[in-house]
Amino acid sequence: MKKFDRKQMAARVAQDIPEGAYVNLGIGLPTLVADYLPKGREIILHSENGVLGIGPRPPQGEEDEDLINAGKEPVTLLTGGAYFHHADSFGMIRGRHLDFCVLGAFQVSAAGDLANWHTGEPDAIPAVGGAMDLAVGAKQVLVMMEHLTKDGKSKLVERCTYPLTGARCVNRVYTDLAVIDIKPDGLHLVEIVAEGLSFDELQRLNGVPLRYRAAA
Amino acid sequence: MINKFFATPEAALADVHDGATVMISGFGGAGMPAELIDCLIAQGATDLTVVNNNAGNADAGLAALIGAGRVRKILCSFPRQTDSWHFDKLYRAGKLELELVPQGTLAERIRAAGAGIGGFFTPTAFGTRLAEGKETRRIDGRDYVLEYPIHADYALIKADRADRWGNLTYRKTARNFAPIMAAAAKCTVVQVRESVELGELDPEMVVTPGIFVKRVVRLAPAGKTARKAA
Amino acid sequence: MKKFDRKQMAARVAQDIPEGAYVNLGIGLPTLVADYLPKGREIILHSENGVLGIGPRPPQGEEDEDLINAGKEPVTLLTGGAYFHHADSFGMIRGRHLDFCVLGAFQVSAAGDLANWHTGEPDAIPAVGGAMDLAVGAKQVLVMMEHLTKDGKSKLVERCTYPLTGARCVNRVYTDLAVIDIKPDGLHLVEIVAEGLSFDELQRLNGVPLRYRAAA
Amino acid sequence: MINKFFATPEAALADVHDGATVMISGFGGAGMPAELIDCLIAQGATDLTVVNNNAGNADAGLAALIGAGRVRKILCSFPRQTDSWHFDKLYRAGKLELELVPQGTLAERIRAAGAGIGGFFTPTAFGTRLAEGKETRRIDGRDYVLEYPIHADYALIKADRADRWGNLTYRKTARNFAPIMAAAAKCTVVQVRESVELGELDPEMVVTPGIFVKRVVRLAPAGKTARKAA
């Protein structure tokens, strides 16, 4: 089996974002999605720190310390972008104005619970940022993560063992193995992306039962 | 390519349904989207719930919508004015329901809807008739009334300039309720004086980012429209 | 006795507004105060409909329908003024950022209750505007009203009979007869403004006991 | 004549008292009032409660204030970063209290303080560890957590331009928390890059009206300051 690499995962997510969508890309892996948005498709990226219309990273030497994204990386502003303050920015998120957010995850449950902010270790210093707001706020919450932990356990689980970021909030999960929808009746396989991976093998690796209805 | 401009106000308002909740910007005449309201009257939707600061002046705009019998209920802070005769008549006849809301509470309830707030405690109206029957609470020594968001199906607003992404700027005190209404409605329809190219609006100066806007109609000033129509 | 006229009342209020104050002048009589603010004293006027730095009425023919005050009268903007939306404007009011508001009144009680929005008549169409927000929001609530009703009854009362705008919110009352502070222990006369009016006569006209301690 | 400009940051921060709650604008470095923080460290106030999105980076600004042992408690959304060693050390030693607040709730609680809201229901964090022990309520089918305003004695913020009335504009994403912090504090102190004459700021473009600002200090860019100091 040949798993998707990070770039392929990002490209696969990008493919599903339609023209005109307002999207927030989480820190880390999800940020990669920006590089794979189809050319010619106008998509407007939001960042928690008060900006709509984020453009690509500036050329080296042209960074502006006053123009960064939520990951504190230098970015540019697209023609048509706008700035606003933090309360307005999170009003946008919480008020369900974003069409999509793409978040990383430690675990996602079959009910759509998301765990991505805290490993649960008692001595960990917690940090949550805007993840809880995005989880409850975006119209569609997309998760992008490797399917398995380093020791081969599924990150799609019956019930999250890590502390929750949001309850029943995830709509779709993109992994290096598959794309899976989370619906009221459980997990639905959209497609297998890993080359040479059978449904039965995916089902075996995945912690939770998967449904699959082949396209007619 | 994203393009939120609609060719006509008729096209932009074609799907307003009977029973819709419609926010209308403006404080008196300033910022009132008169042409959109005229178009809504012609469109025919009825049994509307309207949210505006007032309840119409004289015979135009919101007053005409009320006069045409299209409004079932109005939420506002200041209905009674010397020239609010359409409202007065229907209200006295029991044909128009009024929810009177203090102006700041009206603004904050609209803002709460757009910002995903489920309710908030405001000190305004505590101990008055307008708080009767409402939940109250003393917090840190000050008394508050619990108020809930006002959501809308449509917001009809007026702005000064817009680009094709729906970014908006306003003019002077015509800004008033428009930015918060834009965020509180499922479908915000804007009439603007001027359409500009993407990039012409300074990103520091955009008051309503396009994310809150679905449809924009450029309307020539009254004089020009008249000439075109002739 | 010679009562203060409206202009004298406005001038008397204006005299108490210090340099640098942020002030909201209510619709009607209080609006007059603007004309009597001492020249050379910078005072910043706020209006509910989203403006700070209101200037005088424009010359006839130069009115701008997009630049009005809360009374819907044409105004101008001072150099240094600013516009904002309605939620921000009432955030300013409710958040106790205004130093003063000046309001008209039907009645004010000895406890500082304010009644100025509703006559209590059962068939009256009610309208409240921003009065309830101003009453609870401004740091100092000043009331400006004629002392007596047309049939000679005091508008300063033990208990308001009209519906309240706000409870225990008025700090000072300016009438055509006197200036009176409202303190936790009752009404304190600041000064008599009507010419030829004695304290005893004012006390007789005023519904509620007045205290007075002459300046040392 | 109103003039909110102070000659030096020392004068503008002279009265910050031990035990004060101090909001500090900025998201990481963008909009962080570094010079005001340096001045606060030199001023000596201690036992402070600090409100910021983070808990300091590397050895400068807020990190230095924490490192100097002046902070008793911090309210923030994202303390742990690769370079938050001053915070990490004191927190692990039990010498620094942390109130972790989701970023949007942090922003809304600050906004509520400035807008006179006594509390609000937010959907954020419902069903999570950060809502444990908090009042919750289901409103119109959505679950919410009740949150309260965060007031401050001082806000130390950075803006781009200011006039003598204290009207402010910002630069790009350096705006972030500054406008809402300005409104939430009893005394807002601003460091600006440029001072302008009254009237130079377009009244449509003022982001923070002067009503929220008590003191402004113009600081030359780092290079210039160094030259002056030399």
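Note that the chains take the letters A, B, C and D in the order they are written out, and that residue 1 is the start of every chain.
In this section, a contact is a pair of C-beta atoms (placed from the backbone, for glycine too) under 8 Å apart; a residue touches a chain by one contact, two chains touch by 3 or more.
Because the structure is a prediction, the values reported are computed rather than measured.
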item: Chain labels contacting chain B and also chain C; value: D
item: From chain A, the most remote chain by mean C-alpha position; value: C
item: Contact-richer chain pair (by C-beta pairs counted) among A-B and A-D; value: A-D
item: Distance between chain centroids, defined by C-alpha means - chain A, chain B (Å); value: 35
item: Cα-centroid distance, chain B relative to chain D, in whole angstrom; value: 34
item: Separation of mean Cα positions, chain D and chain A [Å, integer]; value: 29
item: Rounded Å distance, chain A centre to chain C centre (Cα mean); value: 55
item: Where chain B touches two or more other chains at once, by residue number; value: 108, 111, 115-117, 122-123, 170-172, 203-204, 207
item: Chain C residues counted as touching two or more neighbouring chains; value: 77, 83-84, 87, 90-91, 93-94, 137
item: Chain-to-chain touches, reported pairwise for every pair that qualifies; value: A-B, A-D, B-C, B-D, C-D
item: Residue numbers on chain D that touch chain B, as the complex places them; value: 108, 112, 115-123, 137, 139-140, 142, 144, 148, 169-172, 202-205, 207
item: Footprint of chain D on chain A - complex, ascending; value: 47-51, 64-68, 72, 77, 83-87, 89-91, 93-94, 118, 123-133, 136-137, 163-167
item: Touching residues (chain side chain B, partner chain A) in the complex; value: 1-2, 111, 113-117, 163-165, 167, 183, 198-199, 201, 203-204, 206, 209-212
item: Parts of chain B lying in touch with chain C, wherever the complex brings them together; value: 27-31, 53, 77-81, 87-88, 91-92, 98, 100-105, 107-108, 110-111, 122-130, 170-180, 207
item: Chain C residues within the chain D interface of the complex; value: 19-20, 22, 42, 44, 46, 52-53, 77, 79-84, 87, 90-98, 137
